[in-house]
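Below is the structure I would like to discuss, written out as structure tokens.
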Amino acid sequence: MNTTTTDAGASPSTDGRKIGDVILDVQGISLAFGGVKALTDISFNVREHEVRAIIGPNGAGKSSMLNCINGVYTPQKGTITFRGKTFGHMNSRQVAEMGIARTFQNLALFKGMNVIDNLMSGRNLKMKTNLFQQAFRLGAAQREEEEHRAFVEHIIDFLEIQAYRKTPVGRLPYGLQKRVDLGRALAMEPQVLLLDEPMAGMNVEEKQDMCRFVLDVNDEFGTTIVLIEHDMSVVMDISDRVVVLDYGKKIGDGTPDEVRSNEDVISAYLGTSH
Amino acid sequence: MGFFLETLIGGLMTGMLYSLVALGFVLIFKASGVFNFAQGAMVLFAALAMARFSEWIPKWMGFDSKVLANILAFAVAMLLMVAVAWLVERLVLGKLVNQEGITLLMATLGITYFLDGFGQTLFGSEIYKIDVGLPKDPMFLLEGMFQGGILVNKEDLYAAAMAASLVILLSLFFRYTATGRALRAVADDHQAAQSIGIPLKRIWVIVWSVAGFVALVAGVIWGSKLGVQFSLSLVALKALPVVILGGLTSVPGAIIGGLIIGVGEKVSEVYLGPTLGGGIEIWFGYVLVLFVLLVRPQGLYGEKIIDRV
Amino acid sequence: MLYRENGQFKTSYRADQQVFPITQDRAAIGLLLALAVFAVPMVADEYAFRAILIPFLILSLAALGLNILVGYCGQVSLGTGAFMAVGAYAAYNFMVRIEGMPLIFALLLGGACATLVGVLFGIPSLRIKGLYLAVATLAAQFFVDWTFLRISWFTNNSTSGSVSVSDLSFFGIPINTPETKYLFCLAIVVVFAIAAKNLVRSHIGREWMAIRDMDVAAAVIGIRPVYAKLTAFAVSSFIVGVAGALWAFVHLGSWEPAAFSIDRSFQLLFMIIIGGLGSIMGSFFGAAFIVVLPIFLNQFLPAAGAVVGVDISTAMVAHAELMIFGGLIVFFLIVEPHGLARLWSTAKEKLRLWPFPH
Amino acid sequence: MKFRSIALAATLAAAGASALLSSGAVLAQAKVQFFPSLTGRTGPVAPNATPFANGYADYMKLVNIRGGINGVQTLVEECETAYATDRGVECYERLKGKHGGATVFQPLSTGITFALTEKVPNDKIPMITSGYGRSDSADGGVFKWNFPLIGHYWVAGDVVLQQIAKLEGGWDKLRGKKIAVVYHDSPFGKEVLPIITERSKMHGFEMQLLPVPAPGVEQKAVWLQVRQQRPDYVIMQTWGVMTPTAIKEAVATGYPREKMFGTWWSGAEPDLRDVGAAAKGYNAVMMQHGAEPQSAVVKEILDKVHAKGQGTGPKDEVGSVLYMRGVVGAMLAVEGVRAAQERFGKGKVMTGEQARWGYENLNLTQAKLDALGFKGVMRPVSTSCADHMGSAWARVHTWDGAKFTWSSDWLQADEQIIKPMVRASADRYATEKKIQRRAPADCQS
């Protein structure tokens, strides 16, 4: 996979990848912790190959939304339909098997492992050898390790983190950790990639790199992308459609321009922040 | 029926003593997040000090008033426990801040070994006597109602009373004194507490001293019951399931837990024991806890943990 | 200058995935093994074998097993002694009840039984975490001890409840001299160490560590906590069980449940904490430290006392031993909470860069 | 240990220095008979095990002052086991080769005894386990190296029951009676059960088994059961802190102390000191001797050892029950060597193997014992190839609130019952271990 660098400043080139039909459809999701309502009756859908953004002020319930899709949380009401299959609540394992990967807002890397192992762990679903084979590194296990290592190395090249292969992720600077987080998700060869504030706390250059990676993933492998982001300029630049949440309710949904002109959104969100 | 009541009462009283030791665990865990395995060793150490000084002091100062000796010995022992607390903070905890729980647990195990050795070096390893004048003879209640009456062990009764009053005392201390409030603040949130200028280190010393005090009282009670001897340190193992059952962070939990386990042990040993071949109280508490945790992973009164990502 | 990896280029992932990528390390390990197999039997006397080397090997194996559970999968267990006991008594029963049962199979079957019990007591780990789990595992400790005391079937109805084995042999080779016992243990330990190392650097190992480091994220990338945790318990208790059987058969020869008391569990936990959580090599460091230290103190203190002319009583030695032991534990936790293994690796990194500080 | 020979210090220095890998360091020394001593000076049983170790050491010093064993000096080196089996094994391995080789081991722990029973035959070192260890090891035909001299648990159990029967007025009176057994939940505790079971079958009394988990600091439930069942007698096979705890709980539940009978590990001063008057009436069977402050040997120790400031422990414990047990243990160890010297050469240092012959051919007549200062302390002991116990006599003493006084005359365990039990159990062991009974020829060797 060669990495064609597109300038993050430029608007996303919709040409080259045609947006398909709905792949992920969220219907009337409600989630509450005890008395606290995190999400109330949220519905939106995601089309194949598109870049879908979820925005909203802090505590709007964005992460909770992703957690519902991942099966980390179980919503009290509502359904999630993925490729025609409808679920009351998702089971993390299933979600992963269906090809939905995820990065985390405040890093959830495996601190004790180095970069390679973190990425390799993203391949676990694809590794099939049993305990015994692994214990004695029998041919199959050895081969498996090597194949997947090869794949992981591609990602390492793609993300330009060759130098840190064997570094324990705990020691990496924040920006790089974010990349590894993305890499781990990519290692799963996902069809849908959920990015939870991939650019939070980054400086301009890092943001540009990250945008580049996201867009490349989107172009190169046509991976559908759902991202949560605060930086409006970024969102407006790279996303095809945007959902706006506020206090766990959906207050807007549409193309960046539509959302820009949406009254509620302006008052609730744009008005306040930036 | 009468016998069942006897067992029940016996259990409650033993349970009260368990709670007392458990209380030490909880205090320290709340304030410093340390699961202090050394609590048992502290009980032994305090008891040894109490026992030996109560026989030495009269020799040194040449008087023979039991009461005075006991009071002085208690004071000296308490001073020792404060010193221990201070040293622990100074030499161990202070140097292990924000390590993982398991590391801290191991550190307290290290302290346990040290105290066991140190205590026996200073005070010897015979069986020593603590006599605070607890009556030993049994008394019988409701003899009219049940044939043979209900036997209540006076010593236990007094012991339980002492334990209970100590518990009340402590909860008052936590509620109404400035230090107590500070302690609770620390327990709730270290950073926040520090940021509003509560000196963590001093708090820790205080908490460990309080735990030392609890250990001393426990030591005196158990000591006068069993005689002061190495095995005393093993009461810690009796208190562990209590702490976990009640929930690591809850004072009332420690008390309820103690009573439940105390009663559970005795009743199970007396009624299940014979069919199972006896000696089951050694594991009963733990197995009980295991099953309770399956339903309430954080114990009866512990705070619930929610994963956030 | 001797310790460099410059110029050692890896041309294949296989080469890069070796246990010891640096040639010097491989050489060192090879040398160490050679010494252990050939040199040690020549120099060591019976005492060294029976009282130091054999216990060290067996306990390292147990520590290794525990480290997989605690160090790699992050599930704290205080019930290790129980799993050792299960291994020992199960192996014993296979020996006495099945005529002509070969020792090695008895050991492995003992491990298998330990695995079952381990998984059983591992189930709570699916709901219980941290210290709560640690204490919950004590249930295993006390319950198992009690079971072997109470149910005389397990002890082949011996009046006292203490059992013993004799004339061990490994496919015809009698294992009765200290040397043979030592070599037998060594062989088993090496095999298990290699297997364990392979496991922790394979995907199962990564699943364990993922659960340890961030269980939610692990679940999201498709790792099943149930599977990861229970396999960890299974593998761990298998190794621990075999170690228990070795301890009983090879080291003690005759034993009672007290041989696997809670003190044993703590001792093993010490080993992996001091040695280094999540490090195979650490298990060995820890075992060496915890086995040798008390013996050393116990003999050194009176000697030292004699040298300076004060005569230290046995009791005093024993107490001093406790104090110093406890003190050193704390000391090590303070200087290096990540254990001897971490010290070792930092030392190696420094050596690699030597003479340059960074 | 206030006093040790320079040689010992030197050895220890050597041992300590080379502790890590070679502590077999043998510093061969002329004419020294080495008696290793496995002590329990720390840990759960320290209060009881310490006097034993002191008595053992003191008597050995006395022997040297008396001129050694036909001129051969005795040397004691201690190793602390804290009553833990694995540490006991380590100590055994450490000491067995020292000072020209260990003469005989006395582990003072049933657990360690079991472990060492597997090892001593290979190392050719005898082991004396007076009053503990394997009861069946009295059968010298199978247990060539074990010597439960002057008593084992089954003797204790049998004598206790004899005394109870006496009080009741005959064995037949026991029918229908209920006897509770409070025992240490371990091989040590269980060893006493077979004989009591046997007797209960014979005389039709009911047994109530009440195991107490070690260390035994929590016995409320057990004694509640005693109170509920109201057994006619309680037999206690306890050790260490378990004994005083039991007596205290008995006091607390108001069970009559007169009805309580301890075996000989449950009836010493440390067990009753801090219960004091409350324990008045408590009985314990004693393996021959009890507390013997008046005996000649004690007097001799006091003025030849303690008076010279060479006493091992505190003066006031000299002559107490467990101290005496240490003294007797040492005496038997020494006399075995003396007997061996008769055969293998007076004034020579005996190897473990030679000493073994001595223990197997002990013949301590009353005259010899009296000469050694054990008048009134012990009765004659004579062992043989078949009988490694040599004497089954015991007495019962009773706590009068401050000290023990004899409450029975000499009682002998019923060999008719015990011998077959021993033999059966020994045979079982032999078949398990696939070992042959010793041929008569072997006894001559």
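Letters A, B, C and D name the chains as they come in the text, with residue numbers starting at 1 for each one.
The rule we apply is simple: a contact is a pair of C-beta atoms (placed from the backbone, for glycine too) under 8 Å apart; a residue touches a chain by one contact, two chains touch by 3 or more.
Note that the coordinates shown come from a computational prediction; the quantities given were computed from them, not determined experimentally.
Look at the CA centroids: the one farthest from the centroid of chain B belongs to A.
Central chain by Cα centroid: C, whose mean Cα position is closest to the mean of all protein Cα atoms. Comparing the chain pairs A-C and B-C, the larger number of C-beta pairs in contact belongs to B-C. Between chain A and chain B the centroid-to-centroid distance comes to 50 Å (mean Cα coordinates, whole Å). In terms of their C-alpha centroids, the spacing between chain A and chain C amounts to 41 Å. Centre-to-centre separation of chain B and chain C, using mean CA positions: 33 Å.
Spacing of chain C relative to chain D, judged by their CA centroids, is 36 angstrom. Those residues of chain A in touch with two or more other chains are numbered 72, 104, 108.
Each of residues 41-42, 46, 50, 185, 211, 213 in chain D touches at least two other chains.
In chain B, the residues that touch at least two other chains are 120, 125, 277-279, 282, 307, 309. The part of chain C that touches chain B in the complex is made up of residues 70, 76, 124, 127-132, 134-136, 138-139, 141-143, 145-146, 149-150, 215-217, 220, 262, 266, 269-270, 273, 277, 315-316, 318-330, 333-334, 337. Remark: chain B residues 3, 6-7, 10-11, 14, 120, 125-129, 136-138, 151, 153, 155-156, 222, 225-227, 229-232, 234-235, 238, 265-266, 269-270, 273-274, 277-279, 281-282 touch chain D in the complex.
Interface residues of chain C, counted against chain D in their complex, comprise 43-48, 50-52, 55, 96, 146, 149-150, 159-162, 164, 166-167, 176, 251-259, 263, 292, 295-296, 298-304, 306-307, 311-315, 317-319, 322.
Contacts from chain C toward chain A in the complex involve residues 12-14, 16-17, 195-196, 198-199, 202-207, 209-210, 212-214, 216-224, 231, 235, 278.
Remark: chain D residues 1-4, 9-10, 12-17, 19-24, 39, 41-42, 46, 50, 53, 78-80, 82, 84-86, 89-90, 93-94, 97, 110-111, 114-115, 117-119, 122, 134, 185-188, 190-191, 193-194, 211, 213-214, 425, 432-434 touch chain C in the complex.
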